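Each of the next two complexes has subunit A plus one other chain: subunit B in the first, subunit C in the second.
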Partner chain A sequence: MSSEARTLTLQSCRHCGAGAPAQVHFCPQCDRILTLARHGDYFSFFGLPRKLTIDLADLEQRFRALSRQFHPDYFYNASTPERLASLERSSYLNDAFRVLKQPLDRAEYLLKVEGLPSVGRHQDAKELPAGVLEEVFALNEELDDIRAAREAGATPDQLMARLDAARRPVEERAARQEAQLEALFSRWDRQVDEKSSPDVRRATLESLRDLIQERSYIANLIAAVNRERGES
Partner chain B sequence: MSYSEKVIDHYNNPRNVGSLPKGDTAVGTGLVGAPECGDVMKLQVRVNPETGVIDDAKFKTFGCGSAIASSSLATEWLKGKTLEQALEIKNVDIVQELSLPPVKIHCSVLAEDAIKAAIADYKRKQQDGQ
Partner chain C sequence: MSKVVGIDLGTTNSLVAYVGKDGPLVIRDGSGDGLLPSIVSLGANDVVYVGREAQRRLLTEPLRTVYSVKRFMGRGSDDVRDEARLFPFRLRGEAGGVVRVGLGDREFTPPEISAFILRELKRRAEEHFQEQGEFDFEVDRAVITVPAYFNDAQRTATRDAGRIAGLEVLRIINEPTAASLAYGLDQRKTGTIAVYDFGGGTFDISILRVEDGVFQVLATNGDTHLGGDDIDQLMVALVTREMGAGMGAADASPARLQAIRQAVIQAKWDLSERADTEIRVTEPGGGDAGAPIFRRSLSRDEFERIIRPVVERTLGPCRLAMADAGLEPAQIDEAVLVGGSTRIPLVRRSVQELFGRPPHTGLNPDEVVALGAAIQAHIMVSGSRDMLLLDVTPLSLGIETMGGAMSKIILRNSTIPASGTEMFTTFVDNQTAVDIHVLQGERELVSDNRSLARFKLRGIPPMPAGLPRIQVRFQIDANGILSVGARELRTAIEQTIEVKPSYGLTDEEVERMLLESFEHAEADVEARFLIEVRNEAETVLRATEKSLRNPDLAVAATTDLAPGELAAIESALADLRSVMESNNRAVIEQKTRVLNDVTRHLAEVMMNRGVRAALTGRNVNGI
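Let's look at the complex of A and B:
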């Protein structure tokens, strides 16, 4: 389903029965807070298009404004459904803000709502760009060797030098991944603006998913190297 | 979460850890990873060219205890099997044998994928060699 179709999805007011677009929080007719609909997503909740580049200051402003509007204090004397709606919208708002403000979480979330969850898939070496798994494997072996050297009494200086040498290629790869990620973010946003065909957009999302997975190996490795450095 | 005794046994005394010569035409190498946790597993088989039977298998896994145990068990099972028999090893067999809990099923899937990848690599080498 395209993002345009989603924003048109109607919700209806439990109080007066009026319909409202999905990104609206209060009934256009009777002004009461609307019960949170099952559909809709974090982007539309904030009134944002499903794009990956987000202006954080703007997001924060929207967050503050909505928090105020939903604040349970205002609904203290309201009916039970309205009180519940304010709680639901407040907690949904907090989840949405937490996810959207982090670029990677935002990207994972987009994949999920577009039907391409990135987790729970296994991949063998062929699916990753040439050399990623090999590099990960080789560095793990080197870390094993470094641990053995430590136990054999190597000096901290020697260990540090080896760890730094081991870290360099992965950090270079991490930097390349960061640049690729940025490029994919802008490509997706452009395709949303240009209303590119679903196939074209899906291809972008698939590249994004693959890159996020590739990135998780590298992030794990960097964490492992840093742990070793801490111990040396 | 507690590991079953069999997992602990394979973890403490992993069978067949090591490497076979990657360039050898009789050797197939499978290298796979689990993106969720970033773990990587290498599994290799050596096939007897006369009989078509796997006569040696080795693994090296950087990952959790269940992944190590799964690959260790897989190498034990692989020895003495033909390629067809080897491809019949399924992750559920590993789950059962090691009593893996649901959250560790993906670790056994990794081992099954590694077997498949190693055998595919071996077959590719045979075709390229002709």
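Let's look at the complex of A and C:
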């Protein structure tokens, strides 16, 4: 489903039966808090377009304003359905804020709501592009060698030097990935603005998914090197 | 409209506060004391004493008097076995069950003991509102504070205590967050603050962002077993060691242990004001009562060397909380001190070093939490939207997976209310129930985390193995308390969930305790009368003794008093003194009346002499 279609989804007030757009929180007719509908997404909940670049100060300000609208503290005297609605809306708001404020969580969430398969956390190395794969194998071999050298009594200085040298190419790749990520974020946002065709946008999301997968692999490698440094 | 209050249910002291016309206010007892010692003592005939009266009984009835009960809230008897040695009262409870405190021949759960304290605070508040001329002075709703690092079982136990005391618990809020509300009201600033809350038994650190009246906790950390108590125990160990062989903590009588404890606490307080003091222990009871049994000087330097390890244990949680908030110490605009232990100069210096700036000490560290709780209670019932607290869950919530590992569903420092879902299925054909073990903690293995509850999902429609798709929804509410719901997605059948709290009370148990508390209400009223009668007797005793010490008495006795009148007074005085410790209210009342009667003439004589003396040498026109 496209994002335009989604904003047209209606929810209905359980109290007076009036219809309301998905992104509103209170019934336009009777002002009561609306029971959380099953559809809708984090972006529309915040009244934001489904874009990847988010102004954090603006997001925080929206978060505080929405918290003030439906926190359970303010529904203590309300009816049971309203109290429940306030609890559910507040939980959803808190979950949404946590996800949207982190760029990577935000990107993964976008992939999910746009219907892409989720990013594997323990993915197969063979899914990686050949260049990355070579680098991964080389580094893993080097780490094995360094461990062996440590067993054989190499000095911490020697080990550190080898670890730093081994880390350099992966760190350079990580930096390149950050730049690619930023470029993909902008490309997606532009395509949303320009209302590009679904196929074009789908291609962007697939590149994004591959990059996130690669990135998490590289991040694990850097963590492995840092663990070795800690032990040297 | 009945009244709402905020309650700080502390390890050492408890307080009650409310928001009046001029802002939040701590309610004090008749003598102006806002602190109610969190001590409960069981007298003869099941009379229950709470507060100062119970504190006096620490020395005379150590086996029937319980303190620091907060340490046992929501804990299992297995958890406290090691700690039990340090307390003179008995701790028991069946293996795997909730802790029970034995007082005399009765046993109480920690929530029941806490309920006695809450009832006393409720009574204090009701008396206050009555004196204010309020028509409806009943206090039936309260916000109660807990340490931020309390887990689900400890929070639930606190809420149960409120229910047993006949209070509707509007909200359980975290102590440092409550303190920040009171601080925020005071300062009206925007910024990032760290609340360092070092109390009698618990330590909490919370990092908050304050903006647009929203108090948003970014991260919290702490240790629910780190507080002034630990400092006291180090000092008690020092004294018993120095008192020599045969006087170790394990050998000392419970009454002596209490006497030592009180002496080291006094020395600790002294050293917050002075550089040197003396620890003086006197014999608590028996024929030698009051005789000195131990004396030693103690400098602040030596004290600080002894307690440094305890103070340093607070710094690790501070660093973790800052890391979780993604902040450096330099980004903290203000460090706010809460809790009595922050009066210790070493604690203040350590906080200053950590945050690189002198901490904010403008608030009364004993009262600020209760004031914050009162503000929160006010927000909830008044409809005022000036301020809003957004707190977090201190510990991750998860479930046991295959192989004894924990799979996290809601991460620590998530803003509450928060929710998470997990999918379950069946392993054998036509399986209709699934067991789920819910845990709280940060460790990988089930055995290293806190077991919260075991749930059984029932009513799964019979299907081939692996086909049912059961969505279990975990909801942490604004109190930080968990509830669970489930549905089978293929059939949309809601599942019934049976909850067996690992270390808590069932709803039926709480109900029963509430009923029992009504049965004991009569004994409690009796205890109150007894205390009042004793206080009255004490007043008459003191007044009489004062008259007898008056230098004018010798003259008055020869001119104004009948022969034998003084002897009758002295005998009535001795009579009353001899029954003061008795629990027989009628006898104390009767002896008080006798003393009052025989001294009436003396009082008149002394008053007349006083008036005459005052008038002597004054000119009539001056009167």
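Keep in mind that, in the parts below, the second predicted complex is superposed on the first by the 220 of 232 C-alpha atoms of A that agree within 3 Å, B and C clash if a C-alpha of one lies under 4 Å from a C-alpha of the other, contacts with A are read in each partner's own complex, and residues count from 1 in each chain.
Here is the rule we use: a residue touches a chain if its C-beta (ideal position, glycine included) is under 8 Å from a C-beta of that chain, and two chains touch if they have at least 3 such contacts.
On a predicted model such as this, the values are computed, not experimentally measured, just so you know.
Once chain A of one complex is fitted onto chain A of the other, the partner contacts of A:Leu56 are absent, as it touches neither subunit B nor subunit C.
By the document's definition of touching, of the two partners only subunit B reaches A:Ala219; subunit C does not.
Contact with neither subunit B nor subunit C is seen for A:Ala161 once the two complexes are overlaid on the shared chain. By the touch criterion defined above, A:Arg68 reaches subunit C but does not reach subunit B. In the overlay built on the shared chain, the residue A:Glu134 is in contact with subunit B alone; subunit C does not reach it.
Common to the subunit B-facing and subunit C-facing surfaces of subunit A is no residue whatsoever. Across the complex, subunit A is touched by residues 30-38, 40, 42, 60, 62, 106, 109-110, 113-114, 116-117 of subunit B. Listed in rising order, the residues of subunit C touching subunit A in the complex are 170-171, 211-212, 214, 216, 376, 379-381, 383, 385, 388-390, 414-419, 475, 477-478. The part of subunit A that touches subunit C in the complex is made up of residues 60-61, 64, 67-68, 71-74, 76-77, 87-88, 90-92, 94-95, 97-98. Touching subunit B in their complex are the following residues of subunit A: 118-125, 128, 133-134, 136-137, 140-141, 213-214, 216-217, 219-221.
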